[in-house]
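Okay, so chain A shows up in both of these, paired with chain B first and chain C after.
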Partner chain A sequence: MAEPVITSPHAESKRPFLTEQRRSRITAYTFISPFFILFSIFGLYPIFFTFYLSFFKWDALNPMKFVGFKNYDLVTSDPTFWISFTNTLIMGLMGTVPQVMLALLLAVLLHSGMTKFKKTFRILYFMPNITSIVAVTLVFSTLFGNNGMINWMLNGLGLDSVAFNSGWWGVKIAISTMVMWRWTGYNAILFLSGLQSIPMDLYEAARIDGANRRQQLFSITLPLLKPFIIFVSLQSTIGALQLFTEPYVFLGQAGTGSTRQEGITMVTYLYSEAFRNGFFGTAAATAVMLFLVTILFSILNMLISRGAVGDTGGKKA
Partner chain B sequence: MSTLRIFRKKPDDLGFFGKLGFYLFLIIGALISVFPFYWMFVVGTNDKGAVFHVPPLLTVGDQFFHNFKRVLEKADFFQALGNSLFVSSAVTLSVVFFCTLAGYAFAKYEFPLKNGLFIFVIATLIVPQQLGVLPTYVIMAKLHWIDSYKALIVPAMVNAFGIFWMRQYISTAVPTELIEAGRIDGGGHFRIFWKIAVPVITPAMATLGILNFMTVWNDFFWPLVVLKNKEHYTIQLALQQLFTTRDGLDYGMIMSATFTATLPLLIVFLLFSRWVIAGLTSGAIKS
Partner chain C sequence: MKKVKHLALTLASIMLVGSLAACGGNNNAGNNATKENTGNNAASTNAPATEEASAEPAEKVELSFWTLGNVNYEELANEYTKEHPNVTIKIQNTGDQTAHHNNLTTALSAGSGAPDIFQLEIGFMERFISAQDKFYNLNDLGAKDIQANYLDWKWKQASSIDGSFQLGLPTDIGPTVVYYRTDLAEAAGLPSDPEGFSAAIDTWDKFAAVAKAYKDKTGKYFSDLTDLTYNALRDQSEDEIYFSKADGKFIGDTNPQVKKAYDFTVKGIQEGWISNYLLWSPEWGQGMSDGSFAVVMGPAWMAGNIKSNAPDSSGKWKIAQLPEGAGNWGGSFITLPKEGKHPKEAYDFISWLVNKDNQLESFKTKGLMPSIPALYEDPAFVDFKDDFFGGQQTAVEFGKAANRVKPVYYGPLHDQTDTFFKNALKNVIEKKADPAKEWDDAVKQAKTLAERS
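Let's look at the complex of A and B:
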């Protein structure tokens, strides 16, 4: 396909400079240029500038002052940063792992041939995802209130109330629940579209060979679903590391701010360093560390999901 | 799935109890998905104390307008709704236009570095937004765009996902012969794009539009960073603000606002859900 698709050879001799080929190339570059221009200004340049900025002391007003690695020292010696780091990891694990497993289960159930109302279920399961996180958080803050429905149900089961809006674990449970509610159905639909791409005759062949449902699940469905599982868990991991709105809104009530220790996350820490305290240098260092953590966990996630699903599906074409 | 193994005679038949459990699980899942929407409405239509009612109140009341009146006292609700509508529409129109153009170029033109540039577009999807937030904020300050909608609209005017998604669709849906025929008839490049390609790919453009509209409408972080004046708040900031009131949380008021703000998107989604879900699943696996 090296030949240009859109070329009319007649024009070439008439116009020595602006040939049809050149003209169509120029058109193509013009058509794609908005992305590259905007991304250079608002994507690429800021990324490099963040790395640069992380070595300076700056309040976004006065001149920048080079400080070397001091910002990184400041951040890593701040206990609040480490609290935000552990919070992010704990809530990430609590919100992501059960969510992906539940989504997988839902998708498998929805996929098994005899499900009626499949379309209706798909729409209902997707609905949480269209709501704004702010709305979700407001709703769940009533459900998780001290006298809210969840505590009422716990009491009904003979359990004690949990301080979901102030306890160390309570806050984390509440926030992870919001994340799960919003994303489980979304991921189930991604898995479902993966399941639908698996050819049915594979199952038929397995059935003829006498494989039961369990064997079919573990030796056909899961291995072939592997790319989807990797994609979904990768996306969820990255999303979990960027958790911000839920804790910010959930803990932001009554003007107390959002940096309360039970729920502060790395992005909340970054936000408050930069836009509350005016420490752009340490905020930039936090952004860089968040980026490194994201890369680290993405790699880790790839290794784990590869191992967990097994290598049977990894046949090269 | 262990219960399913009891019914082993025909491998596909779950039997009555299997089916029952199966549907029960799916229905409970669906109820959990939908319940918060209903709860939003219940609290929004009942009086102040409804949230703390024991046992929880589950019936719709008649206090909606009463509650909503207090929303209008606390916040410029409709102004915020209008702001969100304006910003989201502007971004969406621009994203659909530029991504379709770029997707078309990547699908139907040959030019040097094409594959390299396309891989670059895909690679940008991986970079987290937060990494560039501070310098972007500084750029906005230098341009005097802080507290203006330009800060929300301009950086979002075209995106990598849209280009990827339009390219996929265009390369299969638009026949190259048709474009060549248009060229032979002497049509200009943009004219051919507009008259031949666009009519064929409107479903894909619509899907991209809806997905993008929802994303922008629901964004919270970036508006929070760049918008200062309450008059300029988008609906998400306005909602969050209602939650920050000092004098005790008036949940009836908050939920009547939340419900009103959620309703338009919910209706649009239910009308176009088939497209939205199709768009989501076809763009899902890019790696």
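Let's look at the complex of A and C:
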């Protein structure tokens, strides 16, 4: 921008450097630059700083001390980290797989069955997602409390109380239920918009050819919904790996329960390393590993959902 | 023409970017007004300590003050600024402890954005007391002269081990007592007056016997939950709890009081007189109001929680002394981060804020238990009667407890380590886990954590 006119090094071109095209390009980039500038300050810089920080020992107040790969050693040799890793995977599966299926079912129902109150249902579906997670979790904490409503109902049916606050599966069931409640409706809306993008004449043609509802579902709906299924499951996978607020609030009512082994996730582990223990180096190392795990699972997820949906449909995309 | 238009657009977008970036910068440093101050008071900031002794600041001084939770410091600050027209105090209050202290950590490590005055909770003391270069030493500003006014153990919580560095001035304290339901005690044939009740449980063995008898007679729980039962004994440790004062090593497995606290809670679980509520849960609050348990062992400020959880049970509660001594839970300090440019003016204000009259005021309006022992005999404090506690002179009881508190060293990982033991107890009560194995696991986890620091 500093020099208005620069002649091109190529002798044959006598055109000025700032051609009309170039100028409009510069204008365009300048216009979108706020995003990139802000992103590099608040997004990119922290990312690189995290990598850098993972090689140092630091409590955020005293000077940083270089320790090489020691932080990674400490994290990978900590059994709690591996518990948090398996917890994240288990709760991820428990929270997303049934949830995505349920969302798809709800979307199909809403799309085909219901004609009345469609808008009302859509709003109802979406409500859980815009409610504050902390508020949601507090409500669910009451339901899943030791003397809460769910145990009361179980007792009423003649069953024993479940230790939702400390049982290995109890905690996971409680947390996955919160995740499901929050995301099912949201994903159903995404699926619904996918369903609405499928042209109706395909179904008409299929009906004329004598295809039944089941055949229509597997040969038209699912294959054409594939991009949405991939998107939803990818998003859910990433969301599941970043699970934090639900276990943190649900188990952390005294500010202490969040590191309970039954419900600790990778992000709660990271958080407590940094902000409770003051070990920012190991927290950064955890973040880097979480990043790698997320990439790995995203790739896996793409491969699986591509394969699975591709096989059920006759058409390869 | 087109050229001009392009240029204008480009300039506009550059300005837009610039202003956005500026916004970001401001917000970052944003919470306080140090920036405004540095410009106006450049002259006075350069040599704050060498100014005249205690006269009014000649120029206008603005102090930012981050307060925590339910305090009356805003009202007190207004009063102060009326008497000192050249001082303005900007208060920013946060309810969330962790966020409050994390904000300061961020500001201190970034080197900008910290307030002139910061209210520091004892639970976070260890994090900051090692970062002495980030705070003013209050002893340099005259804190030594007022040390004798405050409870010795409270003062020492904010001192370096050799006492030369003073990080903060004491505000309220949290001496622990027993809150009990008089109606339930009477029904079970226990003495319902505070003296009688305290005497009936004056050792932990007696407490356990009373609790078991209560359970056998009424079929109800005696103590509300594992955490508070454990805390009551843990806080009676001698000098140190989980970490050694001398070298910071983990000693929780060899501290007899920690083991005693653990075993006592396990005994309560096994004999069935500790109920399985979760601390702070709504059901726990409900239990207070419908009498599911007879006692709550907690600090002075727990009175506020009981009142708000169980307003209908007003008049049925009283306060007695814990067996074998008291502990302390909570209470804060007022500190001066070094980024502040007016340490002298700030110190004048904070030493006024925590003086005798104002601590009495804070007790009356917000129930904050003073850290000035002289007040415990002051009629204005002693004669205060609380209808919720059946017209009991609660201040007397809290004062008694405060004088029984022995200072303990916590260490930077106290809270996390404590969690391991609390979780072990929770496993014992909820999963019927083996107490000995849970103890070993907790010790192992604590050692793993301690190795990292």
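Criterion: the second predicted complex is superposed on the first by the 272 of 317 C-alpha atoms of A that agree within 3 Å, B and C clash if a C-alpha of one lies under 4 Å from a C-alpha of the other, contacts with A are read in each partner's own complex, and residues count from 1 in each chain.
Rule of thumb we're sticking to: a residue touches a chain if its C-beta (ideal position, glycine included) is under 8 Å from a C-beta of that chain, and two chains touch if they have at least 3 such contacts.
Worth saying up front: this structure is predicted, and the values here are computed from it rather than measured.
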item	value
Room on chain A for both chain B and chain C (clash or fit)	clash
Partner chain(s) touched by A:R260 [first = chain B, second = chain C, both, neither]	second
Contacts of A:N147 with chain B and chain C, given as first, second, both or neither	both
Partner, of chain C and chain B, that touches more residues belonging to chain A	B
Which of chain B and chain C A:A60 touches, first, second, both or neither	both
Chain B versus chain C as contact partner of A:F121, first or second or both or neither	first
First, second, both or neither for A:F31, with chain B first and chain C second	both
First, second, both or neither for A:S272, with chain B first and chain C second	second
Partner chain(s) touched by A:D78 [first = chain B, second = chain C, both, neither]	second
First (chain B), second (chain C), both or neither touched by A:G167	second
Chain C clash site on chain B (candidates 222-230, 258-266 or 276-284)	222-230
Shared contact residues on chain A - chain B and chain C	1, 23-24, 27, 31, 34, 38, 41-42, 60, 141-142, 145, 147-148, 253-255, 275
Chain C contact footprint on chain A (complex, rising order)	1, 23-24, 26-27, 30-31, 33-34, 37-38, 41-42, 59-62, 74, 78-80, 141-142, 145-148, 163, 165-167, 253-257, 259-261, 272, 275-279, 282
Complex contact set, residues of chain A against chain B	1-6, 8, 20, 23-25, 27-29, 31-32, 34-36, 38-39, 41-43, 45-47, 49-50, 53, 60, 106, 109-110, 112-115, 119, 121-128, 130-136, 138-143, 145, 147-149, 152, 181, 185-186, 189-190, 192-194, 207, 212-214, 217, 227-228, 230-231, 238, 241-242, 244-245, 248-249, 252-255, 267, 270-271, 274-275, 280, 283-284, 287-288, 290-291, 294
Chain A-touching residues of chain C, taken from the complex the two chains share	6, 9-10, 13-14, 16-17, 20-21, 24, 97-98, 102, 105-106, 108-109, 127-128, 130-131, 134, 227, 276-283, 412-413, 415-416, 418-419, 422-423, 426-427, 430-431, 445, 448-449, 452-453
Footprint of chain A on chain B - complex, ascending	1, 4-5, 8, 11-12, 14, 19, 22, 25-26, 29-30, 32-34, 36-37, 39-40, 43, 51-52, 54-56, 98-99, 101-102, 104-106, 108-112, 114, 117, 121, 124, 127-139, 141, 154-155, 157-160, 163, 176, 179-180, 183-184, 189-190, 193, 214, 217-218, 220-221, 224-225, 235-236, 239-240, 243-246, 249, 251, 254-255, 258, 261-262, 265-266, 269-270, 273-274, 276-277, 280-282, 284-287
